[in-house]
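What follows are several structures.
Both of the next two complexes hold chain A, though its partner changes from chain B to chain C.
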Partner chain A sequence: MRTLPRWILLPAGLGALFVVLPLVAMAARVEWGEFGALLTSESSLSALRLSLQTSLTSAAACVLLGVPLALVLARSDARGTGLLRALVLIPLVLPPVVGGIALLYAFGRQGLLGRHLEVLGLQIAFSTTAVVLAQTFVALPFLVLSLEGALRTAGTRYEQAAASLGARPSRVLTHVTLPLVLPALLSGTVLSFARALGEFGATITFAGSLQGTTRTLPLEIYLQRESDPEAAVALSFVLMLVAIAVILLAHRRRVA
Partner chain B sequence: MSLVLRAAVAEREVELDLEVADGETLALVGPNGAGKSTALSLIAGTLRPSSGSVSLDGRVLADARTWVPPHDRRITTLSPDPVLFPHLGVLGNVMFPLRAQGVPRRDARRRAEEHLAELGLSALADRRPAQLSGGQAQRVAIARALAADPRLLLLDEPMAALDIDVAPALREQLCRFLAGRTAIIVTHDVLDALALADRVAVLEQGRVVDSGASAEVLSRPRSAFAARLAGLNLVHGRWDGRRIVLEDGGSLPAASDLTPDTAALAAFRPSAVRLVEPGQGLPRTVRSLTPHGDLVRVRTEDLAADLSLQDAAARHLAPGTEVHLAVDAVDVTTYLA
Partner chain C sequence: MRRLSRVTAAAAAGAMLLAGCGGGTEDPADDPVTLQVFAAASLQEPFEELGEQFEAEHEDVTVEFSFAGSSTLVEQILQGAPADVFASADTKNMDKLTEAGLEAADPVDFTTNTLMIAVPAGNPAGVTDLASLTGALNLVVCAPEVPCGAATATVEEAAGLEFAPVSEEQSVTDVLNKVTSGEADAGLVYVTDVAKAGDEVEGIEFPEAQEAVNTYPITTVDDSAEPELGQEFVDLVTAEQGQETLAGYGFGGA
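Right after this comes the complex of A and B.
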């Protein structure tokens, strides 16, 4: 701090205020008297339940697909690894609506894969599965990114030592590599869960907004905003609490 | 022969020819970049030879067609840094190689406890690696390496990262454990080479330039590096029947039963070197003066002399001073080049 000019505190304070002010403004509009009733209305409850279900499933899918991806990206020096990393990170910068359109052309009824799934009697678009796919698509890079960084930082010396002690590659993976990056795996999973929970654009494009089937919390909030602003604020407040909890969980180490 | 390494790594300009007999410990010495790490990598299986082969007990580990991965070689490396797994306790670390080899948990635990007891580490069994001192961690790493029961143990400067006062105790323990085991130790320390190894191989610029029994290599060095390691002056010359005639025309008195007019090497201790009057001895220029116990080590272009403080002061020695160096014939070891 001593190396910084004092005036920097002013724009820094403005920046912090800019982030906090809207949250405070929203929290101030919560109708505490009806808070419970607003949250337990049928449509709110079904959106909450669906969001929780799909986000947890997406987080699990992110772990299943993201851990192997992160391992390959961190440890492979084959040509094409850089390209693969760029491709995997695309959903991070892609507008979610575009992601939804892309998913539609892959898994929709007329889609590249969806067309064949349709023959088998499987319909993905506008189903709960579509919600999970949309959420996984946008959340996957969060897990891959945080895990790959941790794998690179951990380096390969423990893995080499383990191999030199006679451990086969699979055992090295399960008993050395993964335990060493467990904190990053957990925070990556929490981050991808949070991203899945907040997913809106890809979901509404690819899965639509059917109550109980594809209408997740963010969609419910968006729809209630016009018809029942108090319910929208109450639900938003819940999502904000979840976000704060996620930040505390994922960054606990850094703060401590 | 237990280990036979005859392999080259073209891009590092390394071409090595090494053998280690069953139960023998070989010390690899040489300046930085001489190829010691390359040799260990070739043997451990973290580097492929561009030509040649590596074999252990007659089984080919690596050649043009064969490649045995590191975990399947029964070769364990002990590096300067202990690399204990931070997520496991001390006992868990020592159990790791046993569990990896399929030893049931209870057996693995018992055997790991025995290994810890052997090294006097039983009291530390429940500690985390982060709670150990450098010397303790390195001893746990030794226990873990021994638990792996390798056919060949590679010790890569195992004492380099340790405090100078813990090294002797560790050296003594290593000495006991290496007895009867097949091992290669890379070291910069002449004491390691003498105390731990049966044979020494000197590497320079990617080649083995000298090898033999430790005492032999260190008392009759054939390379500048081995001479420096042993703390000896080494000169090349020609034995003319009475003296060693150096390339620059100077000469050293010596006693030898070599045939006259053969190329010879002569080694002598810096403490045997005297200063003499101009006209006698070998003319040299002082390059540096450093304290050396209660003596002063005077370095010239190629020779070192250990002089008493009084001698050095009386002659006003300083870098750049011309000196004349002589040594008695009885102090010079002469051998075939």
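Right after this comes the complex of A and C.
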């Protein structure tokens, strides 16, 4: 801090204010008298339940698919690794709506893969599975990115030592590599859960919106804006609290 | 690196100089006037056409449109968005404006729209009327919270049916997209949406649609910078010329 010029505090303070002010403004708009009633309405509860359910499933899917991906990206020096990394990170910079359209052309009824699933009697569009697919699509890069970074920082010294002592690759992975990056894995999982929880664009484009099946909390908030702005604000506030809790959790893990 | 930054700086300075010159050559006397029209998303095509006519009839006037859901637009106006004219897709959202006392004149009903069944080209699920929508097919409708969904609920009740949609969308455009992409076998949209979608969808009329006729009101907004121009635009929409344009896109008479 000593090495920083003092004037930097002003723009830094403005930056912090810029982020905090809208959140404070929203909290000020919450009708606390009806807060409980607004939150416990059937549609709100059902959206909250669905959101938690799908986001947890998506976070689990991110771990299953993202950990192997991060390992390959961090440890492989094969040609094409760079391209693979760029491809995997695309959902991070893509507008979610575009992701939703892409998912539709892949898994929709007329889609590349969906066409064949439809023949088998499997329909993904308009189902909770579609919500999980949309969330996993946008959340996966968060886990891959934070885990790959940690794997690179950890290096391969311990892995080489374990291998030289006769450990098989699978044993090195489970007993050396993964324990080393466990904090990053946890924070990556929490971040991907949070991203899944906030998913809106890809879900509304690809999965549709039906209470209890595909209408997650962000979709419910957007819909409530039409008819009941107070309920929308109350639900937004809940989502904000969850976001703050998630950041505290992920950040603490990272520092540790 | 140093050389590069010097070149960039020179280029930036040059660009600024050019921009400055460009601004100077314009005559400051005839200030262009911009008319801000906030209109329901379904009005986009006819209003853009009317906007061009309006611009042709008024020199130095630019009509700028903001097309979105009526509830979004009225919320923006209530929060201080600079609208001169507001055209709503239903009376409910116009009422929000008048309740806040933000209308500059009494709203006038200028057109109507009714529901229609939209099916993908070829009608894969063989939909014939409202009753056939209760069968085993992917039906997509608007959520009851939005105007097209309220209209859907009305015709549903009038026909004594109970739909089991696979999705209740946020807007009529979302419903139409699900039909054009073939994800849905049928959707309830407005007559004007079917007209807009062209060959990709087929429209099926049904008698119960008359139970839920959607009326579109228009008005000028209070505190407008261009109240006279705004009123002239409203007059254009309500006059024969405007009505013909609207009818061309499938809208009904007020």
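Going forward, the second predicted complex is superposed on the first by the 247 of 256 C-alpha atoms of A that agree within 3 Å, B and C clash if a C-alpha of one lies under 4 Å from a C-alpha of the other, contacts with A are read in each partner's own complex, and residues count from 1 in each chain.
Basically, a residue touches a chain if its C-beta (ideal position, glycine included) is under 8 Å from a C-beta of that chain, and two chains touch if they have at least 3 such contacts.
Worth saying up front: this structure is predicted, and the values here are computed from it rather than measured.
Student: With both complexes superposed on chain A, which partner does A:R109 reach: first (chain B), second (chain C), both or neither?
Tutor: second
Student: Could you say whether A:S227 touches chain B, chain C, both of them, or neither, answering first, second, both or neither?
Tutor: second
Student: Taking the superposition on A as described, I'd like to know which of chain B and chain C A:F35 touches: first, second, both or neither.
Tutor: Neither chain B nor chain C is touched by A:F35.
Student: Taking the superposition as given, does A:A161 touch the first partner, chain B, the second, chain C, both, or neither?
Tutor: Once the two structures are laid over each other on A, A:A161 reaches chain B alone.
Student: Report for A:V176: first if it touches chain B alone, second if chain C alone, otherwise both or neither.
Tutor: In the superposed model, A:V176 contacts chain B only, not chain C.
Student: Which residues of chain A touch chain B in their complex?
Tutor: Per the stated touch rule, the residues are 157-158, 160-169, 171-172, 175-176, 179-180, 182.
Student: Write out the stretch or stretches of chain B touching chain A in their complex.
Tutor: 44, 46, 69-72, 74-77, 79, 81, 83, 85-87, 96-97, 99-101, 144-145, 148, 150
Student: Flag every residue of chain A that touches chain C in the complex, lowest number first.
Tutor: 104, 108-110, 125-126, 204, 208-211, 214-215, 219, 222-229
Student: For a test of understanding, state which residues of chain C touch chain A in their complex under the given definition.
Tutor: Spelled out, the residues of chain C in touch with chain A are 69, 71-72, 75, 138, 140, 143, 145-146, 165-170, 174, 178, 181-183.
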